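We just call them A, B, C, D and E in the order they show up, numbering each chain from 1.
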Amino acid sequence: MDALLQFLLSGVTVGAVYALVALGFTIIYNASDVVNFAQGEFVMLGGMITVFTYQAGLPLPLAAVLAIAITSLVGVALNKLALEPARGAPVVSLIIITIGASIFIRGAAQLIFDKQLHRFPSFSGDQPIHIFGATIVPQSLWVIGGAVLVFIGLWLFFTKTLTGKAVLATANNRLAAQLVGINTGWVMTLSFALSAAIGALAGVLVTPITLVGYDVGVGLALKGFAAAMLGGMGNPKGALVGGISLGLLEALTAGYLSSQYKDAVAFIVILAVLFVMPQGLFGKSTTERV
Amino acid sequence: MSLLEVSGLGIGFGGLRAVDNVGFSAEPGEIVSIIGPNGAGKTTLFNMISGVYLPDSGHVRLDGQDVTAAEPHRLARMGLTRTFQNLQIFQEMTVLENVIVGFHQSESGSLIADLLALPAARRRSQIARAQAQELLKRVRLDKAAEELAGNLSYGALKRLEIARALAMQPRVLLLDEPAAGCNAVETEEIDHLIAELAQSGIAILLVEHDMKMVMRISNHIVVLDHGEKIAEGSPESVSKNPAVIAAYLGAGDEESVDADS
Amino acid sequence: MKLSSKWMQLAALAVLVAVLPLFFPSGYYYRVGALIFVNGLAVTGLVILIGYAGQISLGHAGFAGIGGYACALAPAHLGLPPSLSILLGAVISAVLAVLIGKPILRLRGYYLAVATLGFGILVSMVLTNERALTGGPDGMAVQGLALRKILRGWGWKLSSGEFWYILSALAMLVGVWIALNLFQSATGRAMRALHGSEVAARTVGIDVARLKLQAFVISAVYASVAGSLLALQNQFVTPDIAGFMHSIEMVTMAVLGGVGSVLGAVTGSAILTLLPQVLTVFAEYEQLVLGLVMILVMIFLPRGLLPSIAAKLKGRGE
Amino acid sequence: MLTVEGVRSAYGRIEVLHGVDLEVRSGEIVTVVGANGAGKTTLLQCLSGTQPVSAGRIHFRGDELTSVPAYRRLRRGLAQSPEGRQIFTNLSVEENLRLGAFLFTDERVDRDMQDAFAMFPILREKRNLVAGGLSGGQQQMLAIARALMGRPHCLLLDEPSMGLAPLIVAQIFEVVESLRARDVTILLVEQNAYGALKIADRGYVMETGQITMTGPAAELIADPRIREAYLGI
Amino acid sequence: ADIKLGASLSASGPAAFLGDPEAKTIEMMVEQINEAGGINGEKIDLVLYDDGGDPNKARTFATRLVEDDEVVAIIGGSTTGTTMSILSVAEDAEVPFISLAGAIQIIDPVHKWVFKTPHTDRMACEKIFSDMQQKGITKIGMISGTDGFGASMQAQCKDVAPKYAIEILSDETYGPQDADMTPQLTKIRNTDGVQAILNPGFGQGPAIVTRNKAQLGIDLPLYESHGVASDGFIELAGAAAAEGVRLPGTALLVAAILPDSDPQKPVVTAYKTAYEAKYGETVSTFGGYAHDAVDLMTNAMKTGGSDPAAIRDALEATQGYVGTTGIYSFSPEDHLGLDLSAFKMLEIRDGGWTLID
């Protein structure tokens, strides 16, 4: 029994990490239909910049804020320098640009920082919290809380604000968006800034648990992408639920079946879900009248 | 036994009954028009007949055979095809290629033959190409044959769709607003084309808001409103039907009559 | 695609392949050439799937893995000669492609991407975890191809580099020839049509599901054969061959070169195979430059190298 | 209000507008008629800024508009209901309309929306449904209504009657006339040339990228060449 | 003429952990040698490629080294996969090759031109198991990374365990980028009779395992592998969580506390000082492998000059070379030349290393 609880706690912790990454995907996707494969790099930058500014003597909160701010700028630069000049290119080409950007950022990070793994102290210490015989570290609560807050923020943004609608409109039909007076260039800039900020925030929150190195981005992006697809791309609810489910699946498989094939089981479940719901758990099917 | 027989067809989206219990039939060479206000369910009816949507009630019979749940490509192979209200063009292919695709059934052989470019496959392709060129002439797009289809204007694309559908040598052809985006003169050309096709024995289902055209060429008219059939009959009877006038035609029809004079 | 006829393209490619060795200063260049051709073969398969049929796959390295390991395992466990192992790998890949393609090809866009990604990861996971059979992450040795010895017996003494250069070039040329045939055929046209509009394709009698499956299977066989050739050439194979990064690399090659164009695929493979070799002079900056090149190509030639240049020549802008 | 001088435009290297001159005065309804592929849509796109102009100039309410980005043109009072409707298919009908008034946050937005619903009651019925599910004609209504939500001084309509039932077509033409009463200037591209010319003050005829004829609408209707080529009479 | 030495290492990519310090070490040492006048008056010309851990690339670079750069010897192959890809190229071209990877299959069976400097994973397992044996541990749970390093060691440990009468009751794994291993550890904890936990792996995995074990309050001895033998590990895992962790390490790690009588002391101290001064980061065992490889190779070049065959022969004749990893004596039957004594059992106490034996 306490084992089950431990598996669940582990699953939720890991799931929250995935959810944070998946949430980062949503904005850029919603604004441009592009899955930004450099999203994992934003997470990495969030962690790495915090590590290095913290080591340089900045207080941790300040280091974290600085990391988020700098990463947002990187996101904006990515949009301005790489994606905007390619406007009008097919979506696959844009995706390749984000893959190129991911390689570029990784290459830059290994030059600017180093190739070592790093970590900074947990925000509220490492004393585990005991719950009915299972344990969870306080940092997990930060991660889970962060994921939930980002989710609520995004959900409000997309359902309640005109700017959020403008973002959706831009992806849906860029030409029409311009015709109604939306500055689509600005929407893209905003989206990249926000996505990057969410990514960096994820990096700041998870580094005490997962550690950070210049190349952690790829793995995180992959899991985050899978989580987002499980939940339904573009929907914050999907990102949250998809992330947590993926984490739980892995933890339960590792606990009860085989740790060796836990990723396999996770992917098989994703395939099974997509088989029944081709748009993921919460994805809306687009209605295209003929 | 009619060539095409539709009975009790219906479908719903959420709470809305988009089409409900609609039936009619079409014979070779007949032009059956389906008219009705926007959102009456005409396109949805076409979608069900052509297999794009699966109806939740009713039947479609082709030559007496029940084809209600048949997939579009099966129906196409049986000789039923259509054009679209919202253009469905192969944008990245040339205008000519768009039409050649219409010859798919007669052109395609075994996969191996295609992969190895065996003479049989090449021969079939050449025939298809030549025939496609003929068809393009017929819709006056032969000059644009090598253009990318995506570069054509709206009206030209409408005609391209018709050519593509004709390539299949259908027995039943569903045309969804073929004259939309065409001016009076262009509409008349399409008008003639449709009449010609009917004469050659094709059964034509036509959805069109251009009443001049509908009244001129239809043999039979089915009127839908809110998914239901509210009237049916010859052009004259339908155009005088008060329910149809109220729901669809309106009284202000003199303008087009005026233009006729 | 319109620049020249099928035979012109093939001839140009063949001449290039035949003439290049005249300028090779050392045997190493044969190795690079052979890699370009093997990659070109795999990517040509992807052109059929992505460029013609418009279906994405982020898991094609899985098929390369199957092809590669077939050549490692079949000779060791079944006593099959390597040449037949290539065939066996292709058959297994094709069967697997049918089995998984049926359910997942109903998915669209990113959902298809994640499903294929899952497939690729499953394959690489099995190769990694079934250590007893596959040697795990450390990989396993692959028996060489007997053909070279046979040729030597006929008095044709080829170095390993030359041998693989020729063999890979032939394989690629055949692959390109088939892909070009397909492009102009009814099947290929139908694939491109479903790319444009599935509904319209269906209403002209195209069995969309079947056609997608055909594209998937054909491209899987391409990847499998390429994987086999790679394993045989390297005489060693590790699960990296089936890894996610390899899948991404193949798609990147296809898109960089121009995903609708077969010659583009070869160009893309050439670029992405050569770049790391050229960039060794930058050592530290290799990743940086690689990423930058990818971005710049896509910005200035958004439809990929060949098609964009062809379009520019023809005068129709983007 | 709107003057177009020598506008040229091309797709790639192929020029499709070869120097178009056109003028729309304040409060006027002006219509452009022409065959398929004449360049009418391209011209409207040049005006709304979604198609680059390679030569010539566009002035709107005294300002040069030629290099103003598309999204800024609505701010200046120029709205378009484009060819192919271009609605936001993934958003609800109401969201589409709300986005039409993206520039505004005052109470008038609500009033305008009610006006739109009054004009096309079907849109009210479908307000919470995804716009992509609408029928062709309903989408057309939405596109027009959305353009009106932007409170334009000048409205560019590209074949507004396309795909609409006769009753609605008549209604659209009435709306256009009523807009004039509300001081909205209209540039109308129509295949229903007869209907368009009937309500228009002036008309232009466009052939292969050039204006070939212009004059008061009544004169054009009476012109035998036009009657034969565009009205089919 | 200069003597051309080639290297293909995983300086980036998933195995950068290994390749990065190796590349840095080789560059530093070649510089040192050249500054000191080279070998027999001839400078060493180092050609170093980064294969990113990709075996396919490694083979291409190996081909390039022998065919294009015409090197007389190769060092490299940070991982077993890359090593095996380079191996047949070196054999074909008849160029001596020292690998820096762990697997036993590299030198068993012996390949004429192939040597290696790291101990095998099997030796690490044996070292650990003999320590367990001394402490009376017979039943253990194992949790390994699925990367090449972890998986290879996992297999070797399972293979050699019976020899030390050790029973592996629970055999768990984790992926190289996993963030939480509490499910696996919970399973091990709940397995009856487990007396100790063994964690073959490198990178972030072992640090997380160590933290998770502390989080769960599992009170069993934890054995890590030589893959984490660096100060960085203690920092990442946290001194508190890492307290009491044992692992087999090399002399390099405990340079400061080695007795002066230890023959390795001067070697490891010199290397550690030079490396840390030059790169500002702590040395790792892996850099040590590269250090020994360069030393062995250049020593052989002193007799062999730039003739590959002569270098190989000299290499095989090496006896009693004192390196950072251990004391090497090669023979035609043994191309590793290390024995178990090269490993020292270390324990983390108060955030630092202590020697157990």
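One rule holds in what follows: a contact is a pair of C-beta atoms (placed from the backbone, for glycine too) under 8 Å apart; a residue touches a chain by one contact, two chains touch by 3 or more.
These numbers were taken from a predicted model, which means no experiment stands behind them.
Asks: Which chains sit in contact with both members of the pair subunit A and subunit B?
Replies: Touching subunit A and subunit B alike, sorted by label: C, D.
Asks: Name the chain whose C-alpha centroid is farthest from the C-alpha centroid of subunit A.
Replies: Ranked by distance of C-alpha centres from subunit A, the top chain is B.
Asks: So what's the Cα centroid distance for subunit A and subunit C, whole Å?
Replies: Taking the mean C-alpha position of each chain, the two centres sit 31 Å apart.
Asks: So the centre of each chain is just the mean of its C-alpha atoms; given that, what is the distance between subunit B and subunit C in Å?
Replies: 42
Asks: If you average the CA atoms of subunit A and of subunit D, how many Å lie between those two points?
Replies: 42
Asks: Taking each chain's centre as the mean of its CA atoms, how far is subunit D from subunit E in angstrom?
Replies: From the centre of subunit D to the centre of subunit E is 73 Å.
Asks: Of all residues in subunit E, which are in touch with two or more distinct other chains?
Replies: Correct list: 12, 146, 173.
Asks: Name the residues of subunit A that each touch 2 or more other chains.
Replies: 110, 260, 263, 288-290, in rising order.
Asks: Going by the touch rule set out above, which residues of subunit D reach two or more other chains?
Replies: Touching at least two other chains: 11, 133-136.
Asks: Within the complex, which stretch of subunit B touches subunit C?
Replies: It comes out as residues 50-52, 71-73, 75-77, 81-82, 84, 88-93, 97-98, 100-105, 107-109, 111, 113-117, 121, 124-125, 128, 148, 151, 164-165, 167-168.
Asks: Would you pull the subunit A residues touching subunit C in the complex into a rising list?
Replies: Touching subunit C: residues 35, 82, 85-86, 88-90, 92-97, 99-108, 110-111, 218, 222, 225-226, 229, 233, 260-261, 263-264, 267-268, 270-271, 274-275, 278-280, 283, 290 of subunit A.
Asks: Enumerate the contact residues on subunit A facing subunit E in the complex.
Replies: Touch residues, subunit A against subunit E: 3, 6-7, 9-11, 13-14, 17, 110, 114-119, 126, 128, 135-137, 206, 209-211, 213, 215-216, 219-220, 251-252, 254-255, 259-260, 262-263.
Asks: Under the stated contact criterion, what part of subunit C meets subunit E in this complex?
Replies: So the residues of subunit C touching subunit E come out as 25-29, 31-32, 35, 128-129, 131, 136-139, 141, 160-161, 230, 234-238, 240-241, 276-277, 280, 283, 286-287.
Asks: Under the touch definition given earlier, write down the residues of subunit A that touch subunit D in their complex.
Replies: Going by the criterion above, the answer is residues 162, 165-166, 168-169, 172-173, 175-184, 284, 286-289.
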